[in-house]
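You will see subunit A twice below: alongside subunit B first, and alongside subunit C after that.
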Partner chain A sequence: MWHSATVRLSLGFVALAIFCLGIADLSITAHEPWHELLRLLQGLVQPDISAVDDLGVALLRTLAFAFVGVGLGAAAGFLLALAFRSRLVRSACAFVRAIHELFWALIFLQFFGLHPLTGVLAIALPYAGVFAKVFAEILEETDPLPEHVLPAGSGRLSALAFTRLRDAWPHLVSYTSYRLECGLRSSAVLGFVGMPTIGFYLESAFAQGHYNTVGALLLLFYVLIATLRLWVRPLLVPVYLVVAPFCLGSGLPIVWSNVSRFFTEDIVPAPLRHGEGVSGLASWFGDLMAHEALPGIWHTLVLTQIALVLTGILALVLYPLVSRHFFQRRFDQNRTHRSGNAKPGNRLAHLLGHGLLVVMRSTPEYLLAFILLQLWGPSMLPAVVALAIHNGGIIAHLVGRRSNEVNLRPDAPQGLERYAYELTPRLYGPFLALLFYRWEIIMRETAILGILGITTLGFYVDSAIQEIRFDRAMVLILITALLNIGVDVFARHLRAKLRLRHTANCEP
Partner chain B sequence: MSTLALIDAVADYGHQRVLGPLNLTLKRGERVALVGKSGAGKSSLLSVMHQHWRGRGAALMPQELGLVASLSVFHNVYMGALAMHPTWYNLVTLAKPFRRDVAAIRPLLERLSIDDKCWARAGELSGGQRQRVAAARAIHQGGEVLLADEPVSALDGPQSETLMVELTRAYPTAVLAMHDVELALRYTDRVIGIAEGGIALDAPSVQLTAQDLLPLY
Partner chain C sequence: MLKRLTLALTVLLTAPVASAETFVFTAIPDEDETRLQQRFQNVADYLEEKLDVDVRFVPVKSYAAAVTAFRNNQVQLAWFGGLSGVQARARVEDSRALAQGVEDAEFMTYFIAHQSTGLEEGEGLSDEMRDMTFTFGSKGSTSGRLMPEYYLREAFGQPPEEVFSRVGFSGNHSRTISLVASGAYDLGAVNYTVWENEVEAGNIDTDQVEVVWKTPHYPDYQWTIRGDVDERFGAGFADRVREALLNMEDPELLESFPRSGFIPASNDDYAIIESVGKELGLID
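Moving on to the complex of A and B:
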């Protein structure tokens, strides 16, 4: 097995992560970290719903921003997907989705202020880039023959509606509903930069040490996501989309002079603004690179590699929880001739496993990192753990689902041997494909976690904005975007080299 | 239109030439059978013809049929007439078909004995039923010339006779790739034999017997 390229590559990644562990700051600095964690758990067990006056408003705003943002993003993304053959469109989409929605929010905040438009665009813009790419891939996968045999002169729209669109429709819908779930997470997190969503209330509840309120908010958020399938019905979606724009709240009015000042003054590099010419610009840029960009990039890379490997380990350990080969559902047992495990406790284990993964993947990394940071104090540790929990939960879920497509022979070994000999070797390829796919996402999140005080790129972006040096912030955001695009290209190259296949559909 | 012509037509698959160059003229009202063993280039020739003549009203019925599995039989047949209606009309039809289109398509399905499947999804049908749906689409499309690749391969004797009658009645001019030599001779008036990407035989059907075509296989 040591001769396999995938195994050697994996070991290389693990070695790199161990090296990174050596240089990363992973200390716990809080005085009583476990005491704080205990208080939070108590808050979750005894949530206090009455504590937040406007719990309903928080939920409503979270939903409204998610619906409007994802709706606009999907519509724009669909139109862009139709023009995805154009190189310009492809590059523009890659660029907007390489910038995290929180960075977009920070940018829009500078000129739209706390107007709802800031939150809506912060979601809609990067989502449009993602939708365009995935929709284009889904449309590409449909059978081209029905369109080919259409009579000459069939209008483009008619042809699309009757053939490719019709074929792709179920996939487009399922992907869009998946993204709605992501949109709810994004919307919640936008509260941390001032939008009136759940994150806003969470932050203030934490600041005041109201853990029962925190518990109530978190539980409500989980309920919202867990019941998504119940209240997002095909017939209701248009109603939600029409109502949502009216539920965004009024925020603060846009000051249009800020908008023009942002573009004509704020983001123009300081030396140019002060007429210091090219030499001034060079030393300004050199200073920015040496003191902010390079340390930021270094920390972002170190943290990303540790989080990536931890995510992989967690996913490999947890996927059996949702695999029918380990925890079988009752109704499956009649179908298969040999059920292996038929203990009555199995159904409970199955439910608990699913529940754990749902909680893991529906907690946004940012939220998780924020909570852990409150408990353990500032270091890279909260970020690594948060990234691994969220992404590990997602990959474990997808790998587990994939494992259910595997059919084992009736006398296949049980337990650990089944895990090590039968399933993991078969699932390792898809697992790596998913992990490499999430590499870019993990890096994007790593950069953004800097806003919480961990010295990744986001930290320097946030400090520059605090100091009202938007020119520096813009350059740093640009660098972050290029880094993300670079990792994405590299991961795609690795996937192609190892011939890891992936389908557009199971990926965020 | 009086004649359709291909001049020095070729088809390549990757870097490999699979057809031609060949010349071919088709007179109005002429029904041609394309015969030859599989892989000889019949399907390539049909697709070259479709490329050249699509704008002049050619309808294609490919071997893989090109049905949209998730659409109903009615909608698949209606797609033959997409070019005759404005876009809004087509989009409304997708949600709720107009009575007059149903009235036009129903009798056609009846003649092919699949009217009981009118609102079934094309993906749920058997191979023979799907082939008749694709034929109905081509018939509903109408036009100058029909290009059909093995149009009755999945049908049994009487059904294939019915379908051949319907197809030839709707399209006086047609090019039909067929492996059933006897059927081909009865329903066409010219036979073109294809071998190794070129024309190996071109003769009126009446002068040929099934025996004469054997060397092609």
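Moving on to the complex of A and C:
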């Protein structure tokens, strides 16, 4: 066992996380954290929908921003996917998706202001980068044979339409619908920086301790996501796409001179603006690195490492909840082999397991961290728990689904032995591939959680923006992007080294 | 598909231009938002009546967003704090402070403490506070950040991060009070009018949290207007806005701020805030 590179690597990661636990600040500082949690739960049980006047409008805006943002992102991403062989396109896509949508929103807010375009682009831009990459991978994986048998002189467009696209279409659609769910989460979270979506009201309600309103908003959000499949139908999607732009609200008019000012003045480093030359720039940059960037990077890395390992542990513990080998098995056999004699207990456990994972993964980590911060007080703990819950929920769901493809012998052991000796070893490779895939996502989120007051890179970006110093903010955002790209490259390297199969559709 | 998207984009870009001649104002989000929304909606109605133009209040989520909206000419008037006003006027030519609250000429920050700290009411900044936890309000706040940080540095000779075991930014004054009242932080710095208002309204359990120090006076909140409003809304518009603000006498309206009335203010009144901002490195 110790000779396995996978095992050694896993243990190395765990050891590193334990070391990080020693230096991270994980204390609960609130005096009555459980009292607050109880109030929140009471709010969820007794939601007060009437408390938010503009609830309907907030929901409509949340949907509209998600549809327009994801729609534009998917269209742009598809076009970019066709040109994905180009190194320039690949790098550009890696760059735009390395910057979180909230950072994009903060940037666009500076020159588009509270105009709908700010929110739409904040979603569309990073999503285009993700779509381009995943669409390119999906197209790559299609069978090349049909293309080879096309008659000479077939146009490139018709060749694409009749061969690879036809083949890849179901995958493209399923991935796009998954991203729509992500888009709804992003759209909701954009409310925290001033877009008129559900997050706007959620933040206000929380700040004032109106937990009944919070409960109502959260429940509505869950219902929206849980019923996604019911109301997003292939025939209805074009209708939604046409209507959505009209439902974004008007915001405030854009003043275009602000755009040029932003690029020619605001983001030019202060010493250059004040004519202090290269030496001034060097000391400005050195100061920024020493007091903000390096501490920010350090905390981001520490927090990411702990969250990554906790995510992994949580996913391994929870995946049996949605695996037919544990909870659903007898029910399935009953259905297929005998007359319907299903055990209601098992069915309930199955439903509860699924429900738990749906709630875990549909709560945006930003929102979750915000809630936990209110309850526990400021430290790294709320961030770690929020990241692990959200990402652990996603990976558990995927590993569980993967486990359903495994066929066990009829006399395979039951219970814990089945978990430890049969399934987990077989699923460990795919599990690790998924975890490494989410590494970069976890780091991106870690950085953004700084806006809530945890001293990761986002904290310093937020400070720079609050001080109206966009030159500093831009440098810090660039550093964050480079860090994300670095982790992504490293994770890909590890995946290749361990020969972990990575599939494009590895998100749910 | 592409056609549809182009159409969507065109609609998106052109639709909002219609509202160009509305006089828009904002305010820094220093308190509970529902209260702000009520307060400024009433102010919007009042100004609309006095000025004969459409007036709209736009809420923002941060102090910086208020400054940015003002600078970008998406709002023409704003109720700023001392620091945000200085930041905004430095970025918009000919913009000027019009009026301040009577209380703003002699503003104060209260340092508040949770009862578990054992600090006495009114005992001042002391070495007992070292290694306690401390929260400011918003990062861009005058009474919740700038001035308390200035007095902390003066008293301890060190930046706050070295004096306290943990330094946080609650986001606004209401939240500072609730964080200290719940004991999430031992100490906090808060706008004195917000504190007095909450105490009067019976929202604070004064057995849990009390004022341990009041800072000396400094100038704070003010109404600031852009220099180009006269071009856009007619000659003398800025002066009419000032008149309207100074003549605001409805006690209900004033109480919501809470201010006893508005008095004239000028950019020079805030020179002290600017120099403290520079000293602390919050302004270039």
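Throughout what follows, the second predicted complex is superposed on the first by the 493 of 508 C-alpha atoms of A that agree within 3 Å, B and C clash if a C-alpha of one lies under 4 Å from a C-alpha of the other, contacts with A are read in each partner's own complex, and residues count from 1 in each chain.
Rule of thumb we're sticking to: a contact is a pair of C-beta atoms (placed from the backbone, for glycine too) under 8 Å apart; a residue touches a chain by one contact, two chains touch by 3 or more.
None of these values were measured; they are calculated from a predicted model.
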Which superposed partner A:H148 touches (first subunit B, second subunit C, both, neither): first
Contacts of A:G453 with subunit B and subunit C, given as first, second, both or neither: second
Which of subunit B and subunit C A:S158 touches, first, second, both or neither: first
Subunit B versus subunit C as contact partner of A:Q466, first or second or both or neither: second
Partner with the higher number of touched subunit A residues, subunit C or subunit B: C
Partner chain in contact with A:W169 - subunit B first, subunit C second, else both or neither: first
Touched partner set for A:L72, first subunit B, second subunit C, both or neither: second
Partner chain in contact with A:V193 - subunit B first, subunit C second, else both or neither: second
Contact residues of subunit A, present in both the subunit B and the subunit C interface: none
Complex contact set, residues of subunit C against subunit A: 1-2, 4-5, 8-9, 11-13, 15-20, 24, 32-34, 58, 60-65, 67-69, 71-75, 87, 91, 114, 116, 133, 138-140, 166, 168-169, 171-172, 174-175, 178-179, 182-185, 282-284
Residues of subunit A touching subunit B in the complex: 143, 145-146, 148-155, 157-159, 161-163, 166-167, 169-170
Parts of subunit B lying in touch with subunit A, wherever the complex brings them together: 54-55, 57, 59-62, 64-71, 75, 79-83, 85-87, 90-91, 94, 137, 141, 143
Touching residues (chain side subunit A, partner subunit C) in the complex: 25, 29-32, 36, 68, 71-72, 75, 109-111, 113-117, 120, 192-194, 200, 203-204, 207-209, 238, 241-242, 244-246, 248, 250-255, 258, 270, 274, 377-378, 453, 462-463, 465-469
